[in-house]
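What follows is a structure written as structure tokens; I'll ask about it next.
Think of it as A, B and C in the order they're written, each chain with its own count starting at 1.
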Amino acid sequence: MHDYCSQAARNLAAVRQQQPLIHNITNLVVMNVTANALLAAGASPVMAHSTEEVEEMVSLARALVLNIGTLTSDWVAAMIKAARRANTLERPVVLDPVGAGATTLRTRAARQILDAATITVIRGNASEIMALDQGTATTRGVDSVHGVADAAASAAALSKRVGAVVAVTGATDLVTDGTREVRVANGHPLMGRITGSGCSATALIAAFSAVDPDPLSATATALAFFGLAGEQAGTVAAAPGSFQVALLDALYTLSPEALQEGSRFA
Amino acid sequence: MHDYCSQAARNLAAVRQQQPLIHNITNLVVMNVTANALLAAGASPVMAHSTEEVEEMVSLARALVLNIGTLTSDWVAAMIKAARRANTLERPVVLDPVGAGATTLRTRAARQILDAATITVIRGNASEIMALDQGTATTRGVDSVHGVADAAASAAALSKRVGAVVAVTGATDLVTDGTREVRVANGHPLMGRITGSGCSATALIAAFSAVDPDPLSATATALAFFGLAGEQAGTVAAAPGSFQVALLDALYTLSPEALQEGSRFA
Amino acid sequence: MHDYCSQAARNLAAVRQQQPLIHNITNLVVMNVTANALLAAGASPVMAHSTEEVEEMVSLARALVLNIGTLTSDWVAAMIKAARRANTLERPVVLDPVGAGATTLRTRAARQILDAATITVIRGNASEIMALDQGTATTRGVDSVHGVADAAASAAALSKRVGAVVAVTGATDLVTDGTREVRVANGHPLMGRITGSGCSATALIAAFSAVDPDPLSATATALAFFGLAGEQAGTVAAAPGSFQVALLDALYTLSPEALQEGSRFA
């Protein structure tokens, strides 16, 4: 797995050097948090959701994030429009199916997006990925009621069916393209006590996908980066307020060398 | 008042143990802040405002927050739909009438909600509560132009009229169910210099209401918890940026025992 | 330039003493951040964007902020309605043309607003100001691809054409009313690594405009205040998470005397 460690370092260096513009159509809770995560990591975020401008905006960007938290129907239309344009331009599209399985609207929206456009990477928690695969699992609000291992079969099946890399995040993250599978062991328990940490992971996957043409490696290395930043934050903070601050700091200060050293793939 | 002190400790322990899902239909300014406050306290937040999904979402939740800041008409419809479902399911509903009295839209929306559904707790500042009672008081934007004492009669009248516990927060908070009255003396002046502290108090009242069947005691103890966390933050921070961080930390680290010790009811 | 230094001190003292209510119609990414910046500085923020209430809300306020990030068409209508009422009431209106030049929607919206109402101050980065002047410059998402000096001619031309003070912010800020020109050298590089710093500058310009009848001096002194707060934050924080916290702290703790001392105009 030494392979992914050095790729992680190369990707982080490339994000910082190229500062790729990442177009986010994301939820109202995390807009600020994910913009700051992208900026701290070295990327350049833009948020735009009007159907009148998403095609133009995505054409300026190097990757697109679709996040279905705090969803209404008009946002789904904008997401599909943006994703189709990104497909035409061959830019990666990363989908975060927040709350899929919790409500019909969310599950249906995620499926509509998957039907209407080619998605490069899907990142969710175990319940969300199982809901997308089986259409039956129950999500408790936006928190998973399942462990990552429970979702391994669903992740592989979903990946094969829609042709996307699927990442299930949790204590240990699982990333699969239906054939290959990588596990990422980086992370810290306090990441579950701040809002938007899953959404920030998704945004960072988009940033890494902008500089790494292999979506499996882009996804796994982005998750290692985010997880290691969390570990570093956990060495200086013991509660969510200061942890959040330290996490943003770590996304900025973590060097490619430290990432290569600290990434834990399996 | 020893009664409430030990109830505060029991409620906090129950929130941390049960991690109740709290459904928030809240304003755009504070979504992130209140989600983090709920997470730090031990609850599990979800934000959803589409009329297409609020009924499903609230049926997964143990309490509902309605907050009318940054309001538009379509959100009122979603709030009423969610509140009615919560009523059917006998889940507590907490209303935060942000800016009632400042504009016709806000005052009318708060009254429409009170007419259309049964509200368990209303928490506002003095001007907002007076506006809901009298329909005449003026609110200066979202800040009160009255002290808590000015609103005592309005709080009692409003409580009797709509059958809800009413909390007026300020230097000393007043909580009434029209008959009983509790005052909570916890708090810190810097809470007025960060945005969303009233809204976070409302969200925490919902979390405590999810585990305590008496809305008067749930409200008073949640306010004591939030106020004591503010006091604790004030011992390590002297300006709003670091105070905000320390406040979130305190919501996470405050123990039930320390809450029992530090709560100040009258 | 001693003139502006003492004016900066007077304006800051006046904001803290008068706590002017500032009505913001602003984007979803920065609502929380700019509300907190205004509160820390001593002003009183309110966010309201419904066409049903913006006229009432702005009539309570001492200044209006229009910020076109995360725009949809219905928000433009609300902005114009609010701005016209502010014009009638002779309250200052500050426009932040976030992403003008990046998409047709944003460029067109900014121009519609400028056509429909009298704007007191426009604050943008170099690309945004050039886009408003020439209708041709390209903005890379919401980040400038030009330096402040590139936009000097556009700023002067735009100022003359629409009768507004125009501020171009960057390493050194340029403020012009078409005749007079002031440069503000305060600031810190980390301000570019947190989201919403431009938007916070705009909000503070509105707060200073509420207490200073000369929009050129209000704008320049607000930018000096914000820049100096950034410098102060940079002495205690070396990464974006902690910088953001320290910046809010500095907006609260900076004294009028320290501002007079530390402002750097040219």
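The rule is simple: a residue touches a chain if its C-beta (ideal position, glycine included) is under 8 Å from a C-beta of that chain, and two chains touch if they have at least 3 such contacts.
Bear in mind that the values here come from a model prediction, so they are computed numbers and not experimental data.
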Quiz item: Touch graph of the chains shown: is it line, ring, star, complete or other?
Solution: complete
Self-check item: Cα superposition of subunit A on its sequence copy subunit C - rotation in ° rounded to nearest 5
Solution: 120
Exercise. Between subunit A and subunit B, two touching copies, which fits better, same or different residues at the interface, with half of the numbers shared as the threshold?
Key: different
Quiz item: Which whole number of Å gives the spacing of the CA centres of subunit A and subunit B?
Solution: 33
Quiz item: Residue numbers in subunit C touching 2 or more other chains?
Solution: 28, 32, 244-245
Exercise. Quick one: which bits of subunit B touch subunit A in the complex? Just the residue numbers, please.
Key: 21, 23, 28, 31-32, 35-36, 39-40, 44-50, 52-53, 56-57, 60-61, 244-250, 252-253
Quiz item: Can you list the subunit A residues touching subunit B in their complex?
Solution: 27-30, 32-33, 69-73, 99, 102-106, 140-143, 193-196, 238-242, 244-245
